[in-house]
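Given below, in the form of structure tokens, are the structures.
Next come two complexes, and both contain chain A; in the first it sits with chain B, in the second with chain C.
Coming up: the complex of A and B.
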């Protein structure tokens, strides 16, 4: 009996899927707010529909963290020790985007007097699905949304510090894949900008010569978190003895930079003659890194 | 050779002051563009979304009505080569807006009120593909034959993300036997992503959205099929990166998902929902 009821219910659920697509457009897609402890700061996110139609949008604040690869992980309340969710207010949380133009959602951060460094939360803007109706059956409710990280910094209290935890570079037959692992050991979010370079030894007494380089997109390192920055350096002509170098800045001061170097693994043992050599299988090597 | 000369003669006939006016500083009628007013700040401009507006004001000299000229540097002399990747129009006072192109000189109109304030207005828009970042364009402004002064247009092209899909319920399209393990293929679900920054599309089963979701979550999992078979399965508490990419063309890119709901046991009687959040986030910073 149970089986037949369930099956029947599902048969009634054969609703056509081809409803019109709805979209959400948000700009900017990240917010950085700074105010002294006890102060407030705000900014706006413009939200509009992707087509000339009105959409019902819900704005909500969530806790999140990012894993080493930069993927957002939504957390339950209380799981992020540096959450600023409770400090943030939105001037609208359930609204309609007009057929033309946009709606501004103002995000205001009230920084507590005791705050030190950076804190973060996620602003999620989602297109609400139609309300659930009686007998709507078993299935998946699909909720498209745009997620906007909000970082709030108690200005004047930042301690910026970054530590290299590892660096590895390996040749894969076409390019050198470099990966730098760093940990933010300060209390402020750090924007890391820099490059990976591949160098060959210079002539006797001379500095190494850069062969190729890659500049990954800037990355933000959250306080206490580990971050892996990856780059791919195109290397059309591999030769033995190349080294890889990583140099990333997190501030304007000379001391606000980290660097690391490592031999490139997996290079051919002899220079190519008239063609590219197949590389030997890469062998893992212990990373070497140093803080500048 | 004859034609330009004839045109110049015609121009001088119709506009006797043109020859002198084209020699900056010859007569040096003073006017003032105070530093605080000499900037048109467009603020944060969203590409692909209408026009942004800004204004500057000029304190006029004491001489009579004068033409208002603007010289626009060639595109290669702006760094970055903006904002004329988009559309820029200017007007003086209540005159009409005139489209501005790189490497051109324009007459915006006449300043009729000596000693007064001349308001200059700009309208600016950028196509979707414009990369984000600050822009700055320095025009040369001249009133009559007075010396040129710089007029700075500045602002920031904002980062933009767009996600389009069909919000609602994916429901099974055929009957099944709930007494055994089974899977439900919902068929291709099309999404569209537009971005002027690197992006990542993540899926998450929102088990925190209610008791029904938690109930079903224990009995089911969701996998996605790609062209080469299964691309990933959603595990509790962990997001799944569906696809990621760089800045898109203005039409965006299509992403096709084939979600398959796998029940590992007998679902409870009645109707149950499994909320699936598909989030578009900026890849990289922050």
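Coming up: the complex of A and C.
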């Protein structure tokens, strides 16, 4: 039977159920587990609703990598050579969060005897929509999801090594934007904690003096991967000759730190006058040929 | 602070993290008056991220008006034969009653993001799934989003209309700097269906797909 467009118009419906709020909170934002090869370790992730409502949550384990800006890229099975997805078990994968309080999801890692260094997988916690009732059409069902990296380290086998690949700092008129590029050349995930500072030269024979600093959030460097750490150092009174420094530590030993320094690009060529930047020098007037 | 001292300070900080858990307070103090006793007040702030979506959207094609046969307009069904591209905006938006803050704009979903630290760098990704069954004649990747100019102070989401991908793709990243008391920040997204070509067969029925919005700490 040939159907009319009008008939189609009546039946082509992309419609949702009644509005159903969906929100999720999870803590911590990253889970680290350590056990010797052949051993096991576990910890919990707390999951709650974003407001007083009960939500149905599904927990998934996925493979992932991170790009150099720290963004997660979900991978297909087998694409991450250092995946620990197969080592992980969850004590619950489909559950309800209460209207108040939280639910703990226990993540347990069974580390194989041959494991060396760190391995990782992604714990994805997503809010499931309510069941679709018969005869009601749903256009787009929104699924809020929180992604939590789980890093498992075979303790006693870690090789911690970090290499600086570049450092650049530039003044943008209000702040110094600093970027440190590092590569984790070991086999263990490293938590990098540190600061960017801007220093001015000291007086004759004196040490440089720090004028401003910024401490970015700790970031994780994955084995074999490059990581760019960015910071913004507020600099209301720029002066020529400033240098920027990056100091980042990945362990308590003196050798477990990196530092880099660079001149700050884009600074004004003249120091500020009376606390204000000197106006730029006027451009030379073009030759007019009528000057006397 | 010079470089050596800075590295030393950072070293102390790293060491202080686990040993801080050993702090103890209180205790019995005996001796001449006056006596003082102290207590240790410990505050622990966990790292938390969260996401909340409070709006559902409807595309009810039976509610779109039929256009003149010679004009090509958005939100008109059935489309004129002359149309080579057309947009369908949702014709029903339902946001949960009692949701805090301003109501979302027309065609937008209420989305809010949380990070415990308002300078924390977060990564927001989005994807669209397959149709639950059958097909209405166009693809789920014909859904487009654009960040709303209202209720999205951190500019999370694409600046121009962008098709949702079938795999998670970053749509916004940055700091969750907010003016609020707690670092929830709105990141509302506009939605539409963009049908780029003529010759689409519209299959009658009702169809479902999922749009996933993922947050993580970068």
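The rule is short, and it goes like this: the second predicted complex is superposed on the first by the 241 of 292 C-alpha atoms of A that agree within 3 Å, B and C clash if a C-alpha of one lies under 4 Å from a C-alpha of the other, contacts with A are read in each partner's own complex, and residues count from 1 in each chain.
FYI, a contact is a pair of C-beta atoms (placed from the backbone, for glycine too) under 8 Å apart; a residue touches a chain by one contact, two chains touch by 3 or more.
As the structure is a prediction and not an experimental result, all values here were calculated from the model.
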Contacts of A:151 with chain B and chain C, given as first, second, both or neither: first
Which superposed partner A:40 touches (first chain B, second chain C, both, neither): neither
Which superposed partner A:101 touches (first chain B, second chain C, both, neither): first
First (chain B), second (chain C), both or neither touched by A:93: neither
Touched partner set for A:174, first chain B, second chain C, both or neither: neither
Partner chain(s) touched by A:32 [first = chain B, second = chain C, both, neither]: first
Touched partner set for A:254, first chain B, second chain C, both or neither: second
Touched partner set for A:197, first chain B, second chain C, both or neither: second
Footprint overlap on chain A, comparing chain B with chain C: 3, 5-7, 9-11, 13-15, 17-30, 46, 50-51, 70-74, 124, 126, 129, 132, 136-147, 149, 216-217, 219
Contact set on chain C toward chain A in their complex: 1-3, 6-7, 10-11, 13-15, 46-62, 64, 66, 77-78, 90, 92, 94-96, 99, 109, 112, 114-117, 119-121, 123, 125, 128, 132, 136, 143, 167-168, 170, 173, 191, 202-218
Chain B-touching residues of chain A, taken from the complex the two chains share: 2-3, 5-7, 9-11, 13-15, 17-30, 32, 46, 48, 50-51, 70-74, 76, 101-102, 120, 124, 126-130, 132, 135-147, 149, 151, 189, 191, 216-220
Contact footprint of chain C on chain A as seen in their complex: 3, 5-30, 46, 50-51, 69-74, 124, 126, 129, 132, 136-149, 193-195, 197, 207-208, 210, 216-217, 219, 245, 247-249, 251-252, 254, 257, 259
List of chain B residues in touch with chain A within their complex: 44, 46, 49-50, 158-173, 175-179, 186-187, 189-192, 194, 197-198, 200, 202, 204, 206, 208, 216, 222, 237-239, 241, 259, 261, 267, 269-286
